[in-house]
Each structure stands twice: as C-alpha cells, then as structure tokens.
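Shown below is the structure under consideration.
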Amino acid sequence: MPAYSTNMRLKFPILALTLEIITIILFAVFVDYDDGKHGGHGAHNTTHHEEKKDPLTLYPMFQDVHVMIFIGFGFLMTFLKRYGFSSVGLNLLLAAFALQWGLIMQGLWHLDDGKIKVSIFKMINADFSTATVLISFGAVLGKTSPVQLLIMTILEITIFSINEHLVAEILEANDVGASMIIHAFGAYFGLAVARMLYRPALRNSHENDGSVYHSDLFAMIGTVFLWMFWPSFNSAIAESGTDQLMAVTNTYFSLAACVLSAYAVSSLVEHKGKLDMVHIQNATLAGGVAVGTCADMDIGPFGAMIIGFVAGIVSTLGFKFLTPILASNLGIQDTCGVHNLHGMPGILGGIAGIVAVALGKKNGSAAIDCLIMKLPFWGQPPDQNCFDDSIYWEEEGEESLAHGDQKAEA
Amino acid sequence: MPAYSTNMRLKFPILALTLEIITIILFAVFVDYDDGKHGGHGAHNTTHHEEKKDPLTLYPMFQDVHVMIFIGFGFLMTFLKRYGFSSVGLNLLLAAFALQWGLIMQGLWHLDDGKIKVSIFKMINADFSTATVLISFGAVLGKTSPVQLLIMTILEITIFSINEHLVAEILEANDVGASMIIHAFGAYFGLAVARMLYRPALRNSHENDGSVYHSDLFAMIGTVFLWMFWPSFNSAIAESGTDQLMAVTNTYFSLAACVLSAYAVSSLVEHKGKLDMVHIQNATLAGGVAVGTCADMDIGPFGAMIIGFVAGIVSTLGFKFLTPILASNLGIQDTCGVHNLHGMPGILGGIAGIVAVALGKKNGSAAIDCLIMKLPFWGQPPDQNCFDDSIYWEEEGEESLAHGDQKAEA
Amino acid sequence: MPAYSTNMRLKFPILALTLEIITIILFAVFVDYDDGKHGGHGAHNTTHHEEKKDPLTLYPMFQDVHVMIFIGFGFLMTFLKRYGFSSVGLNLLLAAFALQWGLIMQGLWHLDDGKIKVSIFKMINADFSTATVLISFGAVLGKTSPVQLLIMTILEITIFSINEHLVAEILEANDVGASMIIHAFGAYFGLAVARMLYRPALRNSHENDGSVYHSDLFAMIGTVFLWMFWPSFNSAIAESGTDQLMAVTNTYFSLAACVLSAYAVSSLVEHKGKLDMVHIQNATLAGGVAVGTCADMDIGPFGAMIIGFVAGIVSTLGFKFLTPILASNLGIQDTCGVHNLHGMPGILGGIAGIVAVALGKKNGSAAIDCLIMKLPFWGQPPDQNCFDDSIYWEEEGEESLAHGDQKAEA
C-alpha cells in the first residue's frame, strides 16, 4: 500500500534530528538564562518573585505541572490494550519537542535585549503550550505516525502562540487556567485533525480500540496525577499571594465536586448502575478544565464547586451520548474523547468572546494543518494496524510476538 | 437475593448527588477563602506563616500528603487480582467526598466570624480526616458497596472530628503524626465495621481474595509513594523550623529502619526464607505510623529508628500470625490487614491515655455505624461477588468478559 | 548444589537485623539533629540557607531526588518479565539501608562537635551515595541474592564516600551533578561486579531475561519520573539563586534534546525503523547524566542541548552495538545496560582527570569486593533461576504458580 508506507527507517530519524538541530540553533541565537533583571511575559509576576524571592520560587508548582504533562497525559492514554508504548512513549517525544518549540514560539513575542531569558515562569508557559499538543494527540491517538505528530506539533504550537498572544495581550482576556486557550483550543484543533484523518473502515470500531483490565489501571495513574496537581496547573502563573491561594482553593473544590457528579451520572447511564472506567478516568477531571478561566477570581469555593459539579455531568453525558454521534454522523473519531474532557468543559469554563476566538482559530488553522498531514508520504498506519504499538515499536515476549509482529508484516 | 440488590442504578446516583448538593450548600453558608487574618486550628502555625510567608508555604507538603491519599492508599489496595478498579476508583470517590466533608466537620469547631476560612493548613487537616476513612476502607475492601462506603464516610468523619477535637483541644494531647487519632482510630473503626459485616461464607477464603503478579506491582506504586512522602505527613502541621525538621528526620529514619526489620522478619517466617509481598507492601510503612505521635519530639534519630525497627517486626508478625486468628476466631475479616499496618503500630506510637480515648471512640461509634450499614437495602455484594470489580464496574476486553459479566448476572 | 544454597531463611534475616542494629548504634553515637549552627559539607550552602531560610528550603528538591531513587530506579528495573518484585522490592531494601549507611560514611568526614548534624542537605547527599548502589544493582540485576547485594552496598558506599571526599575536597573538582563520582563510578563498580560474577551459562541469553508488554509499561513509570526530576538531582546542592536556576535550565534542555536524538537513532538502527523500548526507557535519560558535571556552569542552554543530543546518540548506539560485545567478548553481562546510561554518558560528562580517579577506584575496589561476593555461602541463584522472583519471593495466583514454584524447587 503506497499510501501506508509505515517504515519509519529514514523519514522519522531525519525529521527528528533535523528539527532538534534547528531548535538548538534557534536556542543558540535567541535563548539565554534569566538574569532576573527583566520580566517579559507576566512581568508583574516575574519581577515580583525576582525581587522578593529566589528564582526557584515557582519550581515546586512547575514540577507539579511537569508531572501532569509527562505522567498525567502519558498514562491517561495507556487505556488502549495495545497502544501503551505509543501513549507514554510518543507523549514523551512530543512533549520533549513541544516544550522546546513552545519556549521559542512564545518567547519571540517577548524578546528582552533580543534574547529569550529562560525562567521557571517561561518554562511553565512552555508546558502549557505542550498541553495543547497532548490534548490533540488524544483525539487522533492510534491513527497517526510519529512523523505526522511531529508536524502537528510544529503547526499547533505556532498557532497556539499566536492565539495566546492575541487573547492574552491584545484582547487582554483573563484566562489563567486557560480553559479556552489551552483546553478548548487543543481539543478542537485535535478534533479537526481527526476529522481530516477520518477512516471509514474504523466506523465499526477496531479490535484494538478498547482496554483490558490492567491497561485501565495504568490509565488511572494518569488520571489521579492529573487530578491531584490540577490546582498547580490553574494557579502556577497567578499573582502570588491571595490570588494564587484562591486559584488553588477553587480548583481543588471544583475537582472534588466533579468527582461525585461524574460517578453519579456514570452509574445513572450505565446498565445496572455500574461505573464506566472511561468516565472515571476522564470526566472526574472536567472540573479542573471548567474552573480554569475563573480560577483566580473571587467566585467563592461553592461557586467553584457548582462549576465542577456541572462539568462532571456534562462530560460524562458527552462520553455516553455525544461521542458516538460525532463518530457516526460527523466522521470525527475522537479516540480519547477529548471533546468531553477538554472541549465542552473548556467552553463551559471560557467566556463567549474567547469561545469565538478559539473556534475561529481552530477552523482557520486546521485546514492547512491537515491538508499537509494527509500527504501519504508520512506513512500513517493502515486501518488494520491502528491502535497497535507493533507497527512503530519493537516488542518482546510471546504476547507481543503473537499479537504484534505478524501484524507488522501486513 | 433481596438482601443483595447490587443494582446501583438509582440508590447510588441519588445518594451521591444529594450529598454533593448538601455539601455545596454548606460551603455556600460556611466556607470562605482565608484572608490570612486569623488562625483557627493551629493558630500559632497559621499566624506564623501568614505573617512571615506567603499563604502557599505549606503547599509542597500538602501535595505530598495529597499524593499519599490518592496514589498511596489508592494503589496500595490494588493488590487484589480483580478489585483494582474499585481500589483506585472508590478511593478517589471516597477521598473526594471525605475532604469536603472533613473540611466542614473540622471547620465547625473553629469558626472565624462565622466562617470557615480555607487555608492550605486546613486542607491538610481535611486530608488527615480523609486518611482515616481510607484506612477503614482497607479493612472492608471487596465486601461493601459504594453506598455503604459513602455512609461510612459521613459517620467516620463526623466522629473523627469530634474525637480529634477532644484529643487535641480538650485533652491537649500531642499527636502531630496522629498515630492514634488517625491511624489507630481508622484501623479500629474499620475493624469494627468488618466485624459487623462478618461473612461466614468467606471463612475459607475466596478465589478473588488474592493477588496476581502485576496486581502486586501496582500495589508497590502505592507503597513506595506512601513510604517516600510519610515525612511530609508527620511534619506538615508541626511548628515550622527546627520542630518540622525534627519531624522529617525522625520519620525518615524510622521508615528506613522499619524496612530492614520488616524484610528480615518476612524472610524469617516464610518457607525457605522467601519474602512475602504482603509484608513488603505494608509492614515497611509501619515505621511511619509508629513514629507519628512523637515525630516532632527530641527523641534522637536513633530513638526514631528503634521505634521503626520494632514497628516493622510487630507489623510483619501481625500479618503472619494475628490476621488469621482475627478472621477465624473473632470473625474480623481484615482484607488489607490494616490492623497490622495502622492498628498495632498506631497503638505502639500512641500513649496509653490516647489509646483509651481512641478505643473508646471506636466501640461507641461503631455500633451505630454498622447497625445502619447492615440494612440490606444498600446492596452490599453477595459473597461470591466479593473482591470483584464486575459487580460495580463496566469492564472491557475478553479477560473481563470471561471473568466479569457472568458473575454480574448472579 | 552447595554453591547455590538459595535458602535465605537464616543468612538474610541475620545479616539484615545485624546491619540495622549496628547502624542504630552508630546513629546513637554519631548522629544528631541539625541545629542550624554549623555547616559541615557544603558549608557555604548550608550556612546560607540556615541563616536566610528555614531548614526545609531544600525539602521539595530532596523529595524529587527521593522519588528518583525509590520510584525512578525501582520501576525502571521492572522491565524484566519475572523480576518485578525484586526490582522494586530490593531497590527499596538497598536504598533504605544505603541512605542510612551513606549518611554515616559521608558524615564521618565532616564531624561537628563530634556529631553528624542531619540536615536536608546531608539527606540529599545520602541519596546521592544511594544512587551509586542502585546503578550497580542494575548491572547485576537478576543474578545476585539479597545477601550479596547488602554486602555490595556496604562496600560500595564506603568506597564512594572516600572517593567523593578525594574528588570533592582534596582535588576540589567541581562535580555538582556528579556525572563521574556518582554515575560513572556506580556504573563501572557494577560492571566490575558483573564481570566477577560472570555466568558462562547465561551467554545464550535466558528465557526470563526479557520483558513482556506490561512490564515495559511499569518500567516507563520509572523512566518518566527520572526524566522529570533530573533537574532537581543536578541542582539540589548547587548554590541557591542563579547557579541553581542555571543547573535546572541546563538539565531540563539537555534532557529534552536527548529524547529526540535517542528516538531518532533508535528508529535508525532497528529493523523497519521501529522504536526499541529499551532505548526509550534508558537512552532518553543520558542527557541528565552527561550534563551533570557542568550543570551549574554557564555553558548556555544550547550548550546543554548539544551535550544531551550527543549523549542520546552515544547511549542508544551503546545499547545496540556495545552491550552485546561486552557480554560476548569481555564476559560482562550488564542486565540493565548501565554502561550505556550511566557509564559512557558519565564519562562524556566528566573531565579526563576525574575519569582517571573513578576508573582507578573501580578497579581497586572491585577486586576485593567481588572476591568476597563470590563466596558460594551467600547463596546466589543458580543460572536457571536468574531473573526469577520466585526464588526469593512468595508469589500468589496461577501465573506465578505455573511460572514460579516449580523453579524454586530446582
């Protein structure tokens, strides 16, 4: 099948090495250590902690966000029975590239003596741009090649940084937890890509498009780390002091309320009132997404809880009723259901104006993006190899021999 | 079987939604952000860091404790071969509700202008009350329904907050790491519930009451995170400065010594000197429990090590010899052996007077609690479905189809 | 087989208990809490944070390092299909003993009023000495008994502390991230032990010397936590302020660049351009090792990236081409390939003079060490039981019954 040349032998190494070398050159030209003199993005904040505190004040929160990016997103996607290597492994690859690319793309808007001065604050923002890529990755999980994903990363980060600049600096919209500019943006960008990559043959589901007992437990590692550290995600770049405490408190209680409504609705809609692991793994986090934008506002802990409570219901219902419709009627095969975890809760969390911007961005960007990604040359997997590590990963042990290598010959 | 109406379709969703709505209303009436003015519980401490530091000074330690609650307890219980979904999933559900309920119950003793001012300090204390529920959950793991567990949570948290108030404020007993008011209390409360829920049919063990290779590895994730962050658990609410460093140091070395003695005794009592994963997963943590009460006292690092050393021996011997006796003679089926990890080490760690208080509380509370929980209406699982996720969880993949859904029809 | 008396019944418990009792006595005599008055090792640093900050300033970074030691190293080694219990379990045992022994051995060089004053700073250094033991453990993984490993720990920590003293204080060589004195030292010490324990019968590999699908996912938990927290490892003991930020930044970008080159080369050398989990689990971390020594130097972020980029290539090529040669030609059976992750990158990171020291130490020490370890009395496992938990661990469930206990009878 010329359209599915899945041999990565040359195209992947060449692309990865080229991108990294270009990135290193850009760093040599533009990036320097933060000397604590200036602020750049978030001056108030940076200046603030540069003067009063040591430059590593934000480091613990940065590490929490980092755990969400690499363990949280990485393991949340391991729920697929045969796609765990790619979920954690490609998550690591994309995140490692995205945080470098994100630092450059975001930094170019805030040059300081012609340099991007790296601070923990800037590293947190780079992790935020990385999050959008990983959210989109969830929508196309199992159906794309590493090459396609690296290209998606370049395009999405670039568009994200422009969008973020418009929203945050030009429109001066408040979006601390970034319900819209991170979650909704990442979700709809991913859904648009999924739509362009629509595979009619996968309409009647795929044998590997499901979980086994232990893969669901691996996914819960991701869920729980995302759940625990979300308060850091929503408060890391807030004004330190009362605002930051407010952001932590609101996110914390929004998530707690979200868990109860997600569990309740999951039991309500499943046969015999059982719980569905897909809902538990995802909908319990919707509260963190939805409260993001107003995390540092004085909405009161109960206000945050109402947002989380509603988010948990909307998200669970989305998984149960909306996802099948999107797949069958609109041809959007959203592997991880990012529309239910990041899309709708993101909109719920954002304000109408920002919704418009994000939705606009998505349509605008996606066309170009996916047109490029459709080129067969990049070796996306044939349908029967979707959701299967063996096409891009070496495997050991009988289980994988049985499961994997024959397939790979296909 | 009318006594085992395990269909959660209506009773669980209604209970969960009702509880969350009530909680939100209580938050609307009583809870507000901490403005840093007053202290409430642990005034010295709060005032101290309110004036000198930013309100998030305790945040890193809070997150460590949080990881213990959600990852530590959650995964420690995944050792059962067919009960991993419930272990991590119900742990998340109970903890999410307990920390809200705990904040209210504890806060009502320390109203400040008629409000509970939420601070990181108060959130850590809410996590402590949550720990007692999760410890009790371990004792009845696999034999209760989500509905029963939510009711147990309400009762246990309420009683805990009264007990804590008596011990800490009336008796003014020092129990920083809370060997007694958290660990022993949680353990004996759970054992009492287990006794009330005694199932003669499970006397000759149950096919699912055991582990498989990978379920034991998942449990080790919980063990190691509990072990690493225990110093934060025992020092988070200690006076910052030397006291806090002392609490960290004592807990750290008590745990280290405990590992050596637990491994040694495990090898000593097992056939051919092999190690038993149950001992390694649990007894290695007894040092953290036992050193809790005197963590911030000047007992010297070697004093802490002696406590941990003894705790490791006592705990391992408990698993080997005491647990079977409790089950066969007293009808106490302690699924996780919380008596060996939290009960005896908790007593070892506490002082006689506090022991009396905790034991008194346990007896008093448990009767009412379990009388209520015994009502068949709440759909606890029939014996043959104990330790099986499939009765309350949707499952995917052949493994679970084979294993699960027939059972569910039972 | 007298040479393989693998029954640990008496020899292990007696050794473990004796070592712990001796350690407790040493603590009673030498160890006291840090009163913040003096500095000892790293005086500048300690004094600095003792005077200006509270004694727990380094605590968050200490916990990051701690997670690397217990979760990172522990789970990274669970890739073997039948050796997960030992990987995580013995990692916990050795680390728990090593950090106590390391604190004494390192502290004796810096007595303060005849006491070792325990501070977070000293606890971090104890974790560093622990790291060397765990690296060596990786080289002999699956082929040694707990008794042999405890003896290796005593010897290696003792030699490490002397070596560290020489390098850091006499030669006054800068080795913040300790590419050489930790990574290269640990690697070559382990390789020397592996050489002494050479098993001709394992030349044609062993049925258990490989992974299965889920064991590779458990290993990724270790990889990702090591990757995320490596910046803490390389910056924890750096001068706080700009130096520390520099160490974080350099390590962060070195690791990011390393990921792309490791993935690229893995795909380049594997058949059909697939990725090899062994490379992903290990080579992606080489950037952290290699940048260690100059982490706090002003090499520029791009300089750090070049180091990481090269390290990723060298490490991956080492796994593919060098490891087989070491095994077949030199009789060095390096189970985890520590030579590729810690050895070569460590040298790459170190300077020539320090290389000489480390290599010298290795040869010198190893001879005595392994001569002792070769004594049959300590019950190393017979060849057919290598890489098999069942020889030292009790197991449950059919899988293990089938797999394990017959073996154990052998």
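Chains: A, B and C, in written order; residue numbering restarts at 1 for each.
Keep in mind that, in the parts below, a contact is a pair of C-beta atoms (placed from the backbone, for glycine too) under 8 Å apart; a residue touches a chain by one contact, two chains touch by 3 or more.
The structure displayed is predicted, hence computed values, not measured ones.
Fitting subunit A to subunit C on Cα positions gives a rotation angle of 120°, stated in steps of 5.
Where the sister copies subunit B and subunit C meet, the same residue numbers recur on both sides for under half of the interface positions. Separating the centre of subunit B from that of subunit C, both taken as means of CA atoms, is a distance of 33 Å. Shared interface positions of subunit A, defined as residues touching 2 or more other chains, are 60, 214, 221.
Touching subunit B in their complex are the following residues of subunit C: 6-14, 16-17, 19-20, 23-25, 27-28, 31-36, 54-56, 59-60, 63, 66-67, 70-71, 74-75, 78, 84-85, 88-89, 92-93, 96-97, 99-100, 118-120, 123, 146, 214, 218, 221, 391-400, 408. Within the complex, the subunit B residues that touch subunit C are 60-61, 64, 81, 210-214, 216-217, 220-221, 223-225, 227-229, 232, 240-242, 244-246, 248-249, 252-253, 255-257, 259-261, 263-265, 267-268, 270-277, 280, 284, 298, 300-302, 305-306, 309.
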